[in-house]
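Next come two complexes, and both contain chain A; in the first it sits with chain B, in the second with chain C.
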Partner chain A sequence: MDIDVQMDSIFTVSDNIIAKNIEGQLMIVPLISGVGNLDEEMFQLNSTGTAVWQMLDGKTRLSDIVSRLSKEYEADHETIKQDVIALMETLIKKNFIFKVK
Partner chain B sequence: MENTFKFYKVAGITIQVTSAYPISENTFHPKFKQFEVPGPGSDNVMIYHHFNLPKSVDTIEAGGKEIYHKNQWQIFKTDETWIYRYTSLSPENLVENAIGIMSNDYRSIHIYTENLSREKYSRAGFAALTLFNTDQMIFTKLLSDRNGVMIHSNGFNINGNGVLLAGVSGSGKSTLTAMLKKQGHEILCDDRMFVRKIEDEFCIFGNWCYGSHPDVSSSSAPLKGFLFLKKATQNRIKEITQPDRIAAHLLKVIVKPLLDVDGWEKYFATIEELRKKTRFFQIEFDLSGNICDVLNRFFQI
Partner chain C sequence: MMNDPRRLEISGQNFQQLISGVVEKGASVTFKVTGKSMFPNIISNDILTLAPYQDRMPQVGDVVGVANPVTHQVIVHRIINKKKGLFLIKGDNILKSDGLFMKKSIIGYVCRIRRNNSNIAITKLKNKKNAFLSRIRFFCLSKPLFYFNIIKY
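Then we have the complex of A and B:
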């Protein structure tokens, strides 16, 4: 599994999940053969994680995601960068996203 | 004379059990008695008990996909059916192996088992109508198709108000439950509650899904408060109004059903509606029991 996350990496969301935004909390249910996988817990993203998720469109580079978030949340660029990388690594390990570039 | 069929009703759903053997007063655990009804209702589910394993199940499974295999369960899904293979983890259980074949909507459920004599069946005291260790698997699906969810919580009727108590292990759920019971409030169910929207209102329903616990009631009540517990040095109740906090709390206590993508879409819609229509509270309490007065005042007739 490729978990090498670089700032010029581009990610997209897997087909093997169902995700729903409930009041800013994104719920992710992993699927197995089109059915919710009982072996895996439902995964929850907070509002910032949800904002990142919505930008994982298979086109946007991670550096652009970090820039947008830094601007939106008026937060330190390096802190946001580390948080986004950690989130990407978690989502990759869970097979919720994969790298397209 | 003993019948080969019986009817049980919960959350507006009538379950007809039809058996190849006579069903005695002791075939099922005594907790079922209060759910028994004389006949079918407007929304019926059929469970058939067979006492030999089906010959065709391997062929059916071969046409489907295994979607779960853990502990006592192996579950397959085909285009038209769900197949549950159950192997008891306890050698003391009367049912060592069983196969359940459910229609897509679980309205028709065939349970096959072997090595179970008529005599053993008549005094088995089964804790589940499916003969598995619990009926939870079928009800998460049946509820999700009917604007309902199963919630990991204790349910109470406090002065006619349905109140759910939820909290992580160690949050004091059992302590508060004991306090409320001592005050005479009716407990509807311990640990698993059915919540279903009936005529535009969410109600909570006692049910038989949690083992053979004696604290079970067939009553229901309109859901007026969803309490998340926190042990503290004071007694107070505080409404949670932030939608994201409510969602975060709620999603931790929902019992996850086995659903396909369409089923999940429906399930999420129900969760969202439940969040919008229900009042959520954080309740802090010490061991004095004074919290019961706070709740009594808050949830008045």
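Then we have the complex of A and C:
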């Protein structure tokens, strides 16, 4: 599995998940063999994670996502970059997203 | 940014949105239930798998998931009668029905019940028998109580 996350990488969301925005936070249910397990396998992204998720459209580079977040949250660019990379690695490991470039 | 696997407490409309989201994608969904309304056929902490109907029509006897139109909570009860495209839904262990529902309001049907790591058999015959018993209770017992309420007030 390719978990090499670079700033010019582009990611998109997997078809094998259900993601629903509930009260500003994203709930993710992976579909394992066509079954979504709401009892044990459910994940939640906070509002910042949800903002990142919404930009994973298969077109936007990671560097652009980090720039947009830096402007929006007025936080240190390097901190946001490290947080976004860590999130991408977690999402890739769980097969929620994959790299298109 | 991401909460790792853990039990998330969500209920009501949010839970219904998630279940519907999974089933609308043609997938099945597994979740734990609470309550006594389907006792003894379904009890608290049973893990149910709800599957989409797709092209199949709901049958009398099927245990189905529907969204309560008022509270938006998911109810898992049985179809006890069918008339003119509407389905009468009721819990096996309660007298009152949930009302008539259209097919589009039915999220899916229970295809698997797991209790203490074992599967509980679901058969057409057992479903029909439970629907019959539930229907008898509904028509024979709920109406006298209803009349009694009218007299009382």
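Points to keep in mind about this one:
One rule holds in what follows: the second predicted complex is superposed on the first by the 96 of 101 C-alpha atoms of A that agree within 3 Å, B and C clash if a C-alpha of one lies under 4 Å from a C-alpha of the other, contacts with A are read in each partner's own complex, and residues count from 1 in each chain.
As a working rule, a contact is a pair of C-beta atoms (placed from the backbone, for glycine too) under 8 Å apart; a residue touches a chain by one contact, two chains touch by 3 or more.
What you see is a predicted model; the values in this text were computed from it and never measured.
The superposition on chain A brings chain B into a clash with chain C. Partner contacting the larger number of chain A residues, of chain B and chain C: C. Of the two partner chains, chain C is the only one touched by A:T48; chain B is not. Looking at the shared chain after the overlay, A:G36 reaches both chain B and chain C. By the touch criterion defined above, A:E23 reaches both chain B and chain C. In the superposition on chain A, A:N95 makes contact with neither chain B nor chain C. Look at A:Q6: by the touch rule set out above, it reaches neither chain B nor chain C. Applying the stated contact rule after C-alpha superposition, one finds that A:L87 touches chain C and leaves chain B untouched.
Of the two partner chains placed by the overlay, neither chain B nor chain C lies in contact with A:T79. Chain C runs into chain B after superposition on chain A, and of the options 236-244, 272-280 or 290-298 the stretch responsible is 272-280. When the two complexes are laid over each other on chain A, chain A has residues 18, 20, 22-23, 27, 29, 31, 34-39, 41-42, 44, 46 in contact with both chain B and chain C. Touching chain A in their complex are the following residues of chain C: 1-5, 8, 10, 14-15, 17-19, 21-22, 25-32, 47, 49. Every residue of chain B that touches chain A in the complex is listed here, in rising order: 65-68, 70, 75, 77, 243-244, 246-248, 251, 254, 256-261, 263-265, 268, 271-272, 275. Per the touch definition, chain A reaches chain C in the complex via residues 18, 20, 22-23, 27, 29, 31, 34-46, 48-49, 52, 83, 86-87, 90-91. Chain A makes touch with chain B in their complex at residues 18, 20, 22-25, 27, 29, 31-39, 41-42, 44, 46-47.
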